[in-house]
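Letters A, B, C and D name the chains as they come in the text, with residue numbers starting at 1 for each one.
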Amino acid sequence: MFTAETLTSWIIFVPTIFAFFLIFFDKKAVEPMRLWALAGTVVTMFLSLALIGQFTLGDGSIQGKVSVPWIASWNINYQLGYDGISLTLVVLSAFVFLVSMLASWGIEKHVKGYLILFLILETGVMGVFFALDFFLFYVFWEVMLLPMYFLIGVWGGPRREYAAIKFFLYTLAGGVLMLIALLMYYFGSATPEAMAITGHSGGSFDLIKLAEMAQTGKIFSPGMQVAGFILLFIGFAIKVPTFPFHTWLPDAHVEAPTPISMILAGVLLKLGGYGIIRIAFPLCPYGAQVAAYALVAIGVVSIIYGAFAALAQTDFKRMVAYSSVSHMGYVLLGIAVWKISEVTGAAEGRDYWLMGMNGAMFQMIAHGVSSPGMFFMVGVIYDRVHHRDLNQFGGLSGLMPNYSGMAAVIFFAGLGLPGLCGFIGEVFVVLSVWNYSKVLAIVSAGGVILTAGYILWALQRVYLGPEYKGPHPEAITPMTSREQAIGWLLIVPCLALGVYPNFVFNYTNDSLTKLVDTLDSGYQNTPKPNTVQTTQK
Amino acid sequence: MEPTPDKFLFISAVLFVCGVVCMTTKRNGIGILMGVELVLNAANLNFITFSRFTPLGLDGQVFSLFVIVLAAAEAAVALAIALNFYNNHLTIDVDRGDELHG
Amino acid sequence: MESLGNRLSTLLAIAWLLPLFGFVVEVFAMSWPNANRKSKAAAYFAIFCIGFGFVCSSIAFYEWGNGTDWAVFKAVDHGHGEAATATEHGDHAAVGHADHEHKAVTHETPKQTVFAGTFYNLAQFGNLKVSLDYYIDSLTLAMFVMVTLIATCIHIFATGYMAEELVNDYVDHQVHTHDGGHFHRPGRFYKFFSYMSLFCFAMLGLVLAGNIFQVFIFWELVGICSYLLIGFYVERHSASTAANKAFIVNRVGDFGFIIGLMILWTSFGTFSFADQHGTDGKVQPGLFSMARGHDGELAKTTDGKTVVLKTEQDGHGHWEAPAEPSHQKTITYTLLIVAGLGVFGGCVGKSAQFPLQTWLPDAMEGPTPVSALVHSATMVAAGVYLAGRFYPMFVPEVLLTIAYVGCITAFVGATIAIVATDIKKVLAYSTISQLGYMMLGLGVGGWGAGLFHLVTHACFKSLMFLCSGSVIAGCHHEQEMPKMGGLLRKMPITALTMLVGVMAIAGLAIPGTSIAFSGYHSKDAILATALAYTKLNPIHFLLFVVPLLTAGITSFYMFRLWFYTFLGKPRDQHLHEHVHESPWEMTGPLLLLAVLAAGCAIGGEDGKLFKMLTFSQPVGVADGVDGAAAHTVSLPGHTAIHESHSTAGSAALLAAFIGMSISYLVYGKGVINPADIKRQAASVHAFLANKWGFDDLYDVMFVKPAHVVAKFAAAIDKFVFDEILHTFVRMGIAVSKWDRKFDEGVIDGIVNLMGNSTYSLGISLRNVQTGKIRQYVTFIAVSVVTLFVLLFALYPKG
Amino acid sequence: MNEIGLLVQRLLDETTKTSVGLFVPELVLSGTIVAMLLCRILPLLWRVPAQWIALLGAFTAFAWTLCQFDQLVGGTMQPTPIFTGLLMFDQFATFFRMFLCLFLILTITLTVLSGIPDREDGPDFYTLLIGATLGMMIMSSANHLLMVFLGVEMASVPSYAMVGFLKGRKKSSEAALKYVVYGAGAAGVMLYGISLLAGLTGTGSLPEIGHRLSMIVSQGAGISDPIVRTIVLASLMVLVGLAFKLSVFPFHFWCPDVFEGAAAEVAGFLSVASKAGAFALLVRFGLAFSGGSAAVSEIAFALGIGIGVLAAATATFGNLSAYGQTNIKRMLAYSTIAHAGYMLMAVSALMVMKYSKHGGAESTAATLSCIEGLIYYLFVYLFMNLGAFAIVALVRNQIFSEEIEDYNGLATQCPLLCFGMALCIFSLIGLPPMGGFFAKLVIFASVFKATSVHWAMWFVLGAGAINTVFGLFYYIRILKAMYLKPRPDGARKVSYDLMPVGLFVLMICLPTLGLGILPARFTETFNNVASVLLTGR
């Protein structure tokens, strides 16, 4: 019953099944409902672990492919599959959902509605990671939007409506751009040569076949690839969030309740990065290469800008939100270090680009573990004193020793301390940038100092110092056992990934090698327009 | 001399314009309905001319018959509504009926 | 041989991982709710871990000796000096290798002395490999033995020093809560020892590291441990700011380190020092063999602009540069310089060299054992160790910069130490100065001399810090020297061991004989190399004159410290009554370290320790570099250094005696009352508000310029570098404030503007809907006409 | 003398044998009207409430049209013009008649549930309702200019009366007056246009217009040629009549006032049914120009572009002016205007593709998808809009207000109704899992294909995309009021039990989700309908 193929569908729809049964619970039975929802996330976690079992390590191509025709007249089919990239992200999402569910015991308002939306959100996320049909991918991408709007809107903080509508607006605008790109590629793939690959008339939404078409370079014209890439990149960059499109993140994080901002930071930001790796790059290799310098520049600016912004914040959660912007800048940086040598026209220093990609994937996983941890730590103190003003904290290490210890470890993971997960991602990405462009490499290395600056300053203001300066100090009680369990659940992967990063690299390396080679050949096959291909210094 | 259709068409055009002008300027509800009748009859005149001079033939006359019938029906309903408007607003002045706006 | 390599690596790995195990146990065991805070269990457990580590490393040293049948001590041709046992300390390792000396020398092939291998593989991208591996040679073993030994002594000392933390309610006098009272908190005895064990783990990891990336990993871990230890008294704002400052300055250094790493990674393609034996039998050259091959020369192209890396192995295993250009892997010379400077930047950040030395004096906020272990013996020495380890990769230009940076640091450190009044600040500045010395030693080509001074300095500096610790403990946390005085009678053991340390650092010796304190031998070695260096390149004469001058200043301020605290009348009568000698846990290690400080460098150049260090010096260093051809700096060979030994030694000795006598006159006998000098230089006093006014009766040229320079140096230090740092911080905050305004103002503004504009447009459209029916009907007619006209105008022509 | 006899004889047996047989559903409806009027008079039938008769009649009509449709699709029946070319009996017309009957059933059940027409004036209301539906059914199968005018009038006049049905209220009487005056004006203009067109072509039947026009229009005549000018003016005037029914931008002024004045059920009926009939008629009228010479096609092409511009303007105007609304019916009125704009884009794409100079097979396939998109959108639109208006009506019965503020916190009291409203709203916005998204996707796809023919269509596509984002703002305000705002304690209680009301709401709202998830079956049938319409000609 649980073969590789059916497992993917099971993982997607188990949460919805649990959500459906939630309806029949009585409104008052809060505790059983929470346990039932927790059971849902635990089952999904086990299924994803089972999926790892099914995964054959050496092979980088798509595994467990299942394709059922859904809307035949438009060649749309319900197509799922996974490879090293999506597998690691699925396991991360299942884990973060499990931990956030544990942290949801603090929610008292409309518990049933909250849990149902929470589980539907999980379905949406899992669907995005498994979908291999562009239309199915878009449907799951937007399905995530509905529950997220309500989760922020109903259970959020004081300015929740503004934050919810802003989040909805940004993502919908991105979605519309992606829709246009979707249509462009649907009609673009209706040409006779495309017929050879897809085997049926009319356009195709199948991501694998579209990637093959892009790789031949003949079917999608360079102009279309550049236009397609810009549309897709903006659509995904809004989710990552990179520099110009990031202003929704601090509002959404500050207003969202703790478990939701844990999911927002842990999982939803990774969708942007995953989208770029799975769709934006393979579908328009030429566009990606032309925009590579701009991408790297945006990545570096995101790092520096995010770090400075974090330095300036007085709200603890907003500071952590900006740190996410800065950390996700590394992801974009790692993906885009694709240098083309004038002589051969092929990728120069391909190993460094592969290292950058692996670093970016690892950074996504590491940030996916450390940033929910950071938000949880902020949440623990917020649930007690109900304020987040950095200057009004202090002396917590005396009052809550265990909590401060754990928080210090998590924040040091965010800082990029060796031995913890943050370090590997950052350093590998920074090391790989030198091959691409020296100036940007130095600037991105500078980011390391800023990160240390704002995190240590925040730690000093919150945890060190003689005594607690903020309102109702009597509420500060040591960590409950549940919170401690969550703390340990987050710290253990931090340490494990930091000490032995091959947990991730074993899986992602083969798939990324395959991706890097297809992109490289895709770029070489595309006929360059008459202008001489100017390469970046 | 052989009567040509354009004289009739000219008259119907004039009739049409009078009808439209009457509808737009009259403040009295009934006045507006008169304007409507004028417009409909202008079209009737057109149909009759075309049935006489163009290969339209009998269709034109059948057309005008139907138009007359429909004009009657429409007038009946319009007057009923105008009456109802009067009962509620105690006036037939159309400009007074601007409660629904924005 | 293979089995020896494994045995060595396992032994050292045990010594390395034990403290980590200690850290984990201490953190968990002690954080158990019912653990009583009075038990010293944590201390004993930590001592056990590091002590056992020391035993393992000495066994490893012994095994290594046997393995290479003590070639290390037979390498030098003219036999070996008098059979003095290197160190009397009573553990069996010393005894062991004493009786081996007379074994017959057999001439079979030279045994393998350098062992390298991999623990496990971090990541593999294409043919780029990143892994945790080990590199064991004589330097590693020497460092292991030294670090573990000193750490054990300091741990024992710390059990005594930190005893006051063993209480359930510890009153911290330096912290005032808002209601004026002192801060109360439970004792944190166990936490101190857990951090110390973590630090030892990180330090040993750094020494054992087999590739530069692994060094970087433990580099930052050591930085975090210093952050935790400096900020041990978390409640004191000054402590946490000092900790932050230390970490961020280290990070600035690491920034340079990362750039170095990037260049190496991109141009060499590997991080590992030694050659990597791939599973398929293929051998991949390590950094050193790529750069220097077997003969120690860089394979430069004809125009001298690019360096060709030696990536091919000829007949008998020597790495050569491939002939055909297509196979050649090259790196431009300037990039190699930048890489060298980058890595050296890391060392500057960590060893508090010239531009980044401001954090070390502030780091004295941490408890004294920390200052002793971390900020004098081991961590700050890591920079020098790395410079030593990475020596083959430094091109002559880089060595020159290292030399000058070392020289400047030595001078600046020494001059500021003159005016410092806090006993620990004096020692901190003297550490900076001695580190400058070591860097100078390395810079001028004295690889052995630099590391020799590293080891000796570690011994006597940790000794002096511990003495100052016991003085501070004795005077109930009073650190200001003006309040002390005349403690000789009250604390005899501390005073005498301190005297040994002072004499060692001053480099005193009985002229003519070879009996001298360790400081003399190592400083003499450095000065000799410096003298030989200046002979070869006369324009760099400063590199010998300034160190000589600094040697004099060093002995002056060290003796000033000793006379000021221990001789003369007690200046604070009330404090004087309560002074008491420290308990045995504190004085025991002092004695042990005193013996070590005095005798560890016995035999000087041809002593056991020096031979041990120079045994695995990079190839080609011994016979110097003739820079004339490539018009760069030439480095003195071993023979050249040997000749200039006698002159350099006597000059150093003279400078030391002069310094000592001056300080004796001013402080010891009190012939000149320091007070009236203060009146004369009242303005200067105001200027040095936080530095006690310097009384100087003798208007000798030597004293006044030193004072002016000190003032200038202190000023630089305070107003220039700190200022630069603070301006950076202020600029950073200013940019971030602007950044936030821009972020909320501009981008959010645009989005809200769009939202509002569409909203207002919507509202304005509402009043088009007037509600008047007549206007609606007019609109029908008007729109029909306009539509017709529009269509008429825009009709697609033809 | 006998020719007349012959003529009459031919007419008689032609109508009796074929046309009447195919005209049965309309006859059934007329029968129900007669029955209801009778039951007012005959005391025997007095006790039978009128709505059950109406429902019975609607069901039989629906069943009949359904089997007619099956036979047509199955091929047993061939599409033929009936009543000597006055009406056209083909899949396209039958589909719309089936659509209208289904809608009639749903509207009647809604009025039963919301109880608008009380017992004694029930028959009058249902007579008007069925009369209007009859008019629209004739509109959808009109094949002759006379039928065009007759259908429009028959649909409009009863709806004037229905709008003013709540005799007592000042607002509804004012609305009715406005509707009558505006409707009559527009009908007058249309009639004048029809007369000109009939005069020019000398015939009334739509298929011949194309041929006749090409005879009188000389080759290569630009707008300067008087004949071309009069044709353009005449067709413009006819389009005015249709634009009034569709509430397209310049002719939409009646729509907000009438919807606010009329009862919610009537507004629902008007918003969907009249749009369906009008769009069917617009498509037939648009296709009337086909078969003509190049000059005629050029005219039609220009009209297509004109309609496209109008469509964009309508969508933008509809969305923007809905922002500031406080009354929910008025807001939904503007939303219907906006959706009319989206559907009009499909028609303009159809005309642009059909009459583009370089026609070829590829363009016919494209026109096929335009019509399919239009029909699919209408089908989903039926459920979306009726669901929204039904819920507004049901809520009005309990809280007697249609202001959005009074909807605050409704979700806590009647979760089922609010869940239905949320489904409709998200479908109206066009979010993926819902039918609205797939409908919009199909229409945007056809417009996207039209962009390759003429640059102006880019502007239309752009307007469509932006409007999807504009639309988000005001739709979300309803949900925000219902879900995010707390229920003011003084407000009236809204509670409905599952059985009649809940089930009905679910029956209407769930198809919006169903159509989104399983659109496959419907797209095939619509595709077949469109192909017959195009190729049948």
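We take it that contacts are C-beta pairs under 8 Å (C-beta built on N, C-alpha and C of every residue); 3 or more make two chains touch, one makes a residue touch a chain.
All values reported here derive from a predicted model rather than from experimental measurement.
When the C-beta pairs in contact are tallied for B-C and for C-D, the bigger tally goes to C-D.
If you average the Cα atoms of subunit A and of subunit B, the two centres end up 66 Å apart. For this pair, subunit B with subunit C, the centres built from the Cα atoms lie 101 Å apart. Chain centres here are Cα averages; for subunit C and subunit D they lie 82 Å apart. Distance between chain centres (mean CA atoms), subunit A to subunit D: 44 Å. For subunit D, residues touching at least two other chains, in rising order: 177-178, 181, 185, 189, 256-257, 473.
Within subunit C, contacts with two or more other chains are made by residues 755, 766, 769, 771, 773, 777, 781.
Counting only residues that touch two or more partner chains, subunit A has 169. Remark: the chains found to touch one another pair up as A-C, A-D, B-C, B-D, C-D. Residue ranges on subunit C touching subunit A, taken from their complex, read 27, 31, 120-128, 130, 175-178, 183, 185, 216-218, 220-221, 224, 227, 231, 234-235, 237, 240-241, 244, 247-248, 251-252, 254-255, 258-259, 261-263, 265-266, 732-733, 735-737, 739-740, 743-744, 747-748, 751, 755. Within the complex formed with subunit B, the residues of subunit C that make contact are 766-767, 769-774, 777-778, 781. Against subunit D, in their complex, subunit B makes its touches with residues 9, 16, 19-20, 23, 29, 32-33, 36, 39-40, 42-43, 46-47, 49-50, 54-56, 59-60, 62-63, 66-67, 70, 73-74, 77-78, 80-82, 84-85, 87-89, 94, 97, 99-102. Taken together, the subunit B residues at the contact with subunit C in this complex read 20, 23-27, 32, 94-95, 97-102. Chain contact summary for the complex, subunit D toward subunit A: residues 412, 426, 431-433, 437, 441, 444-445, 448-449, 461, 465, 468-469, 472-473, 476, 480, 483-484, 519-520, 523-524, 527.
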